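First comes the structure, then the notes that go with it.
We call the chains A, B, C, D, E and F, going by the order they appear; numbering starts again at 1 in every chain.
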């Protein structure tokens, strides 16, 4: 068995099967082409340049491809990189599986799927229930596999459904305290709010934004999906139920500058936005704290306005909690 | 023939057929209900309260209804109002037409329609051409009748198409100077960009926002229409042409805070946004200047960041130009 | 028995025992002094001017005083006011109680107090537990009587403890989903975070800001209280536990512009801020929706960035929920 | 003939006549002086450090000087640089011309000059006509030679006049659609708006800001020029025409944060600002797209708020348009 | 002798010689013209409408005119106004003087002039000294008569020179503590910084902005004056001294949004900006506190970001200080 | 005697006694630990990595420790660093003193202390006088030794008291011009405003923020100290004098975003904020100008909004002033 990518020492030659996480064709100032690449496996990531590349190489060695990497580990100022001798695409017949190379959510996908289904039962309004079931079925394969993002939070395989379920759990607790909240609408909103990411992102491995993701965005993408589904399900286009659900997904970023074309104007839309934001923040902060020693501050967490968080010297709750990434 | 609404003097009793421009059921502090109303005809608008109203009255005397108004003109601090004696809904058999009560765009609708069709011929890309024709046909009646807004600019009957044509004229001139611009995409974008207003607004008379308009907004409303049209026209949902056109309409407000879920990321989307903004500003400024004497400043123009504009003492161009409102 | 303040008709003379909610000595342009007053009872509030006032009158008829009001109801443009004939301070021997004139939180104070005590049991850390008990005891009378604010949210008698308990309920649900959270710290933070309002506000009736409230603010006021308590309880001034709790209260507004001198830098501080904000928002939105008819939008809610919220035509959850104010 | 600067390979020794684009005297941490230099010719630019420099060297080898460069090309992480062996100032007698080393606008200067003159004919107001002619003559040599900026847009030889003419073309088309616009004032504004750059910048080669440019800025610099010209031409200092033209140039950046001391308060000033901004944006976006492959996004364009623009897979208009830089 | 304007009681008829502080021709909704006027004398100001006015009336009864006012005092909601019976322009032969009707700075103008001259002696640099003397002489009459603003601060006769001298006193103290400051440049900057107000404002009585003030602003107006003066005095246009002084006045508002086309980039320019801002703030705050009782807060002071300031119960320093307005 | 740290040449081996200014334990990507260190003495600072470190090393070689450093100077791209051979902690018996390794304020501490005492005499209000004396005594050792910051301004030994005295000098001059200012309150505010830095920072050598500094901040830290002192001195907790002084320190940053929980609401609080800001700016600008040649601009000064300042070609005042750092 090969050693893992980060197990090699400085100067050591390596031959490893790895995933291309990122690959960009660039020009040197001199005008020559090369590929700026990032390789990864379960041990982490490492950078390397593939010199004298051409367009064909860029297509062959694109992000998401599993390759055999031959090279030598170099180090500069504490930053390791790979001097690449050669790359070879690993064929499906060689029995490697993408899942070996990427991190996964900390709960089992099958359990999360089961839990989602329980919440669907509690969506009593037929319009919302039918739309949710329709779209869960349509995007089933991707929804339970994709991450919730490229880097900020839940950027792991299954991260999308894990984030969704965590929000549903929050939603349930809050709905208990605030009986004025329409539970069906809130649950439907939780399940669909980020489902547009199955069109916005390329998938769980070497995640990138699609062109559609860049030009339309997951809020409008899922809104469009709801409209198309309604047409297929012959739900009245003028139905207020349909309107409310569309507003839920379109407003869930809560601020114009985060791409919501409308601000929350329903009690449930406001709550959905806050639960979404809260779950993402807790994930990001917890993840950063888990990589920090007690008594220290984390690095600046960009998704939290660049704030540093403090890990107290005594922190039993955090210490005994499940590791996120 | 009745005198017009603003032709009455202070203290004079009146009996006039007018349009209800606005009507809101309110509580006095004492808890009694009344309707705060605005009446209008071609001479302008005037306010009045209908006391001791009930829900039935609110439904009967809603915005957009033509009524016979009996009352007396009062004046306080230079602000006239109507003391209402009675209101009676005018039936269709009495031969009044909404158009008598509202202002219209300064060019003939039939000419503008003709001009739009000329531009449609120049949309060479078949996907965009088909979608534009489909939607022009679907919303024909409203598109050539609606205003472009409730108050800021082009808030007149036919204002939507007048604004659209004015933008197309600008687009043509600019495309001549910048041959790198895809003229077909730009024209298609101009024609569709505000078409969602046929769903966002209630119509040319006593214009209000619809609930759909408030919760979804005209950018996403037209995007949804494009998607549904594409499905009917069997245009490939993955088509880049479809994607580009959706981006055009979604990004045309140019800034997040104006409700664009994405910022312009196509040269043509940037241009569309700028032409839209420019045409609206020129309209608003010109309209304000036309109500100002040479040598004076306008009032604060809210849509232009509250700026006041100066009308020069000598201003032949403005003086000889067509009056907007 | 007297009629209630808002039961009088326009033009009717009145003689009512009411609470002075607001009273400000002002100059007319002519230089004469008068008191601009607001009177209230359980039926609502109404304005009136007390002409030719002097400093003595201002002291006698200050906010929070119960008076007998003789006058006549006038109305202008739908806004009622009282033409004041005379005012007389009602003495304690006449048996009126402030509580008759102000609204109260929708749950019983004794129940809320009981519930708080349950949460105190779950604060396992001895430093936090002792400080919370000490301060609950020190401010007992005010803490269970004061509102949580002057107008925005929970501006009712007992609003402070009602808001606190509602947050604790949210905290419990969220802590169940996020085991990495230190539950003791979060609960202690919830209980103390707004306790400084017992110094910032004047009390449940005719609530005003104190000078201390204006110059120091409730965040720093409770921080100072914690420090003084720690000194009395001989808790080490260098203790990290003490430090963490101080940070919790100082950072709970979450943003500099809301008066937090530090941004949340503990996972629990971030959560406290979000729960606080969420509970206040849900209260304000629900309260506004409860005063709006189904199918309509609320007025602009200032505390929610001026947004209007929509009350759906079908809204069983809201319709069947307890009325807040 | 020498090879061009970017034609050398890594490790190759070179001897080339080049232009110093930038040259800054710096201290190493050790306190030694060196010149951080950028060299350029028509093939592009490359960096190099001249070690152990002194003040004399800094004066001799300043930006804008043509030198013979002897050295060796090195490369680090894909970034080439020159290890400098020696530098020698090339004298005028050696027959080199600055124009060989810098890029030029994509249209012929003589044509642009001719076109400007046509527009001057259309400035009918004598005050504006005389001032424009006077200043065109005074700054003739620089105006038709300078770039419009240091880096953002039109940063090429002749860029200033190219930008000016392009704006005049836009202005003509828009004035046709909006007859209320004073064409003379708009044209005069277009021609003068950026003329202050002949004082703000050092020239077309190795463009830097002058001290005057940094401390006063081109808006006020041209305003001062207009005032001095008016004094020489004996134009009444109180003339409204003079006032309007000064406002045009002072307000043309359109926002305070871009250095306009006043916001546009004339219809023509608003239009001038928008045309200026539009022409600059189209230039910057087009230039970036021309360096991007179809189906890709550009890099972040800083002058456009850091946005990335998408180049569609099919883009005939762009592909067939003239290359800007 | 006439009673003063604010000495009349409600309902009393009056005949008073007063100054027109403001006069605007407006339309009633009915389309009739009237003048909305403000009258003033040393006792204060009062509003009144002159009905059925025409353009001739507007010209005759413009702001700054002394008139005999016949009418009756009315009062509504504590706001007095004048019901105008008639107006008559008071001729110069009747012996009234504008100064009787407006407030003045709290120090003697002749003393302030003397003090300025002392500071001019300390401007050792000949370029700055000559320019300051030239401009002080050119605008002598206005500079020692004008206010420093229309309303915010120093809006009294002589306010401009009073503000200037107060700043010079601050400048002297600070320059003593910071010897690195060029005292000559700072003093010259203080004296000239607001001198453009002699062109921006109409004068000490019924102060309005001139068109020049609105379209150019006092920063650029004084910069232009410096340039024209330099031309007359044959000061080299390229002189660095001239450049520094221009920068001082152009940057003195310190922020783009306050109309500075450049931010301070000289130590002395930074200091000038801060002294200007500080003196204006202290004036505005002091003035507000002097109209507030000990133990109370002022109203919101708009020029200070809407803050309210507290007047302590014991405040000997303030109580014993000179009244500003 | 050892050579000083920056006296070594590239490649030269060195053996020097230096201060550890910064020391952070980091992971290489490979997962190995190392210390990223900065060493300093009076000649300046230099960076170096201590490879294969462990937690013990991190504790031994922490910031603020004096060590003997053995290694070799390397240079890369003009940036020197130390290749570390070994480190040895220097014991107190070897006679080194921290003061040899750090820069000090440009005036003698004993003189500054004397000057502060003069100002204390002028604090006539007994509450403020007692509190100031108490806290000056309590923190005597640190207050006269600490810097005023980590990097922005007055980041030198004694910088805190130097900044304080400089502000008092400014305060005195301004109070002379504005007799309405309560001199006692202003002086007390100046002396205490930054005293919380003795708890916020670690000390004059290798200055870092303490955890308390990060979580509470020096504004609230000194407020707490005032409260505790008042308790010890038996000053009435309700005293208005106590309240005013607390407000002075809490509001002195002047803006919410700089961590003031309240904005200045006293004339003296406004003045304190401005003097603080002004003194810090002048220090930062002067320091930058002293490192710039006449005729050049400074680098971007981050604390001044990133502005660059110009050093005039003739600048006698600056040239002859005392060097700050």
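The rule is simple: a contact is a pair of C-beta atoms (placed from the backbone, for glycine too) under 8 Å apart; a residue touches a chain by one contact, two chains touch by 3 or more.
Composition by chain, UniProt nomenclature: A, B, C, D, E, F = 3'-5' exoribonuclease YhaM.
This one's a predicted model, so the numbers in the text were calculated from it and none came from an experiment.
Following the contact convention of this document, A, E is the list of chains adjacent to both chain B (3'-5' exoribonuclease YhaM) and chain C (3'-5' exoribonuclease YhaM). Steps from chain A (3'-5' exoribonuclease YhaM) to chain F (3'-5' exoribonuclease YhaM), minimised over paths through touching chains, total 1. When the C-beta pairs in contact are tallied for D-F and for C-F, the bigger tally goes to C-F. Between the Cα centres of chain A (3'-5' exoribonuclease YhaM) and chain D (3'-5' exoribonuclease YhaM) there is a gap of 43 Å. Here the spacing of chain A (3'-5' exoribonuclease YhaM) and chain E (3'-5' exoribonuclease YhaM), counted between their Cα centres, is 60 Å.
Between the Cα centres of chain B (3'-5' exoribonuclease YhaM) and chain D (3'-5' exoribonuclease YhaM) there is a gap of 41 Å.
Residue numbers of chain E (3'-5' exoribonuclease YhaM) whose C-beta contacts span two or more other chains: 211, 214-215, 240, 244, 265-266, 297, 308, 310. Chains touching one another form the pairs A-B, A-C, A-D, A-F, B-C, B-D, B-E, C-E, C-F, D-E, D-F, E-F. Those residues of chain B (3'-5' exoribonuclease YhaM) that touch chain D (3'-5' exoribonuclease YhaM) in the shared complex are 166, 169-170, 172-174, 176-183, 240, 244, 263-267, 270-271, 274, 277-278, 281-282, 285-286, 289, 297, 304-305, 307-310, 312-318, 320-322. Chain A (3'-5' exoribonuclease YhaM) contributes residues 26, 28-31, 34, 49, 211, 214-215 to its touches with chain D (3'-5' exoribonuclease YhaM) in the complex. In the complex of the two chains, the chain C (3'-5' exoribonuclease YhaM) residues touching chain F (3'-5' exoribonuclease YhaM) come out as 211-212, 214-217, 219-220, 223-224, 227-228, 231, 240, 243-244, 246-247, 250, 256-262, 265-266. Listed in rising order, the residues of chain E (3'-5' exoribonuclease YhaM) touching chain C (3'-5' exoribonuclease YhaM) in the complex are 6, 8-10, 44, 46, 75, 77-80, 295, 297, 308, 310.
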